[in-house]
């Protein structure tokens, strides 16, 4: 896998930039602007649309669908179900970002319901959210825990059960396709100091998912690009305000060679 | 017209900055923050309000109304109709930004419905959106086309039919009042690299529309200010992140002399 | 009071940064992203949630609740009532930012209704909004007035009646707990040049309210931190675009000593 990334990353990044795949976002009100901009920065085309009358038509025009439940309500849950099912029907890859799963019953139920009704290509959440969905005994307690690491075995089992790729983000980012588990050690603490950081990561991964059919590869490529752009932005930043600005600049300027040089990726299981 | 702008631009910009006209926005969730800030940057006062119970009252307090269908749904379409009709009743100028017209049936229908129910002072869209509304045979195909230029005759006919001013943005910006057609060649590619760029242009034009009753003049003045601020911001920017920041600074610092010096405007029909 | 702030500010700021209290926001679409980021900048944890099914559960997990009516509609008004009542039941402090009260009947009614149904720990608005709620004869006229100063007696009476702390922001910021009135003279005009500035101030005050049970103290501490970060950011900024960025950096980097040195606070009644 690590060798494969060295072969595919450059091409996948170029494909995003030349094909500009349309990434349909059903995301939260806080992240919408940031997610649209980071999608443009990596080279893809964002579109936001939630009306029940048009979500299916918009999905049909898109190369990937991203569903993020950060500020969900009944109307939006219905939009997400409509869009997700349509994407499955048309074989368009779908990413779920289960923001706050485990924090309230509505979010946990919405995430479960979505997982029952839609086959997700990738589910990406922070440690707590993935723990909550993976449902280990007592796991839910840690929703916003600052736990330093993630249980690779648990992630593999979850990915196997969901029949897709699972990504758990935190101090390190973990990736599994249900068979192996990889750990990425790149990133910078400033990435955790801004809002919508995880949401933007979702947009970058979805952009790779639109051009790379191996979802595990797409997830790692997207996460590596985002984390390394964060590292490059951090050294130029006086604080989280300027970091936000520099992060956009660095994602837009990213080249595959830099990412591959700096990438610290390991197979852990 | 070109001579007239040389006489009016300075005064119109000063009127915006001293009178701070209230620009009522019914716009999309992605652009709301950027549109509010660019409206403040040019010197006007933004207000966002969509509740059916208050849109009419808010319109009555405003000097211009902007309707942008970027993340529309049934509730918001109704808000737009209520606000638009009220603006017509009170002779308050109204700008339509038909984001995504041609991309889905809901958006095309909403734009048509709005055009039937409300007399728009200005309709501003990108080449594809205006083509879609103007409805030439096969024109709809080009919604997101990278077509390099726009058919001036088609724009004039559309403006004549809508009985207002039509603006088609792209590599060049075209303006018509149904009689003549002007082309503005200013701008910078970084303007196309950020989200809500067209939405912000709408806010700047709406601010000029609030103080200048000649809508063709208002549209060209607003577009020239925005495009030239973009040119000035671009030379200071490391990428699209810093460009967003610098664009706000440059719009706020803009003076009429610079705009008139740099403006590349031509009558093409 | 002024002496007390010199004792508590450092500790309260440190408590925010170490405890990272969860600040539940029910705020407007324009401010959501900025409010989330400023909350992170001061050191607290923002969460946005409005679904009727989860607001009460989310409130129960929070250390403070902020209600801002900037883009209200029927659904959101109901969310605010549900969340506000729950917060009262659980003794979680609640801040009201009555954006646009006095500007439309819906906003004035919503603010009154919220004040009848929920006991607010702090109500913070600009001069016009507070005048409108305080309801002096003819006071409503001045909703967006550029009046240079605020009537301290009126503020004290309003605070007494609402049985909480009232904050009126403008050229100077005024604070009252119904007994005394304080005036803060810090700030910078660039703070008035960006959207959501008042909304962000609300988030900073709510963050202090989460760790400091004396609401008058919390309100002054929050306002002093925000205003002084604004002063520090202004000297580094080329305009309102860069000011927004620098404001986030300065809030995140703020230390209590600088705030106490620069603070210009007076007891005026």
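For reference, chains read A, B and C in written order, and residue numbers begin at 1 within each chain.
Throughout what follows, contacts are C-beta pairs under 8 Å (C-beta built on N, C-alpha and C of every residue); 3 or more make two chains touch, one makes a residue touch a chain.
As the structure is a prediction and not an experimental result, all values here were calculated from the model.
**Student:** Fitting the CA atoms of subunit A to subunit B, what rotation angle results, rounded to the nearest 5 degrees?
**Tutor:** Angle of rotation between the two copies: 120 degrees.
**Student:** Given that subunit B and subunit C are copies and touch, would you call their interface same or different according to whether over half of its residue numbers are shared?
**Tutor:** Under half shared, hence different.
**Student:** Could you put a whole-Å number on the gap between the CA centroids of subunit B and subunit C?
**Tutor:** 34
**Student:** Which residues of subunit B are in contact with two or more other chains?
**Tutor:** In subunit B, residues 29, 33, 244-245 touch at least two other chains, as defined above.
**Student:** Hey, which residues of subunit C end up touching subunit A in the complex?
**Tutor:** Interface residues on subunit C, with respect to subunit A: 29, 32-33, 36-37, 40-41, 45-54, 57-58, 61, 75, 244-250, 252-253.
**Student:** Sort out for me which residues of subunit A touch subunit C in the complex.
**Tutor:** Its residues touching subunit C are 28-31, 33-34, 70-74, 100, 103-107, 144, 193-196, 237-242, 244-245.
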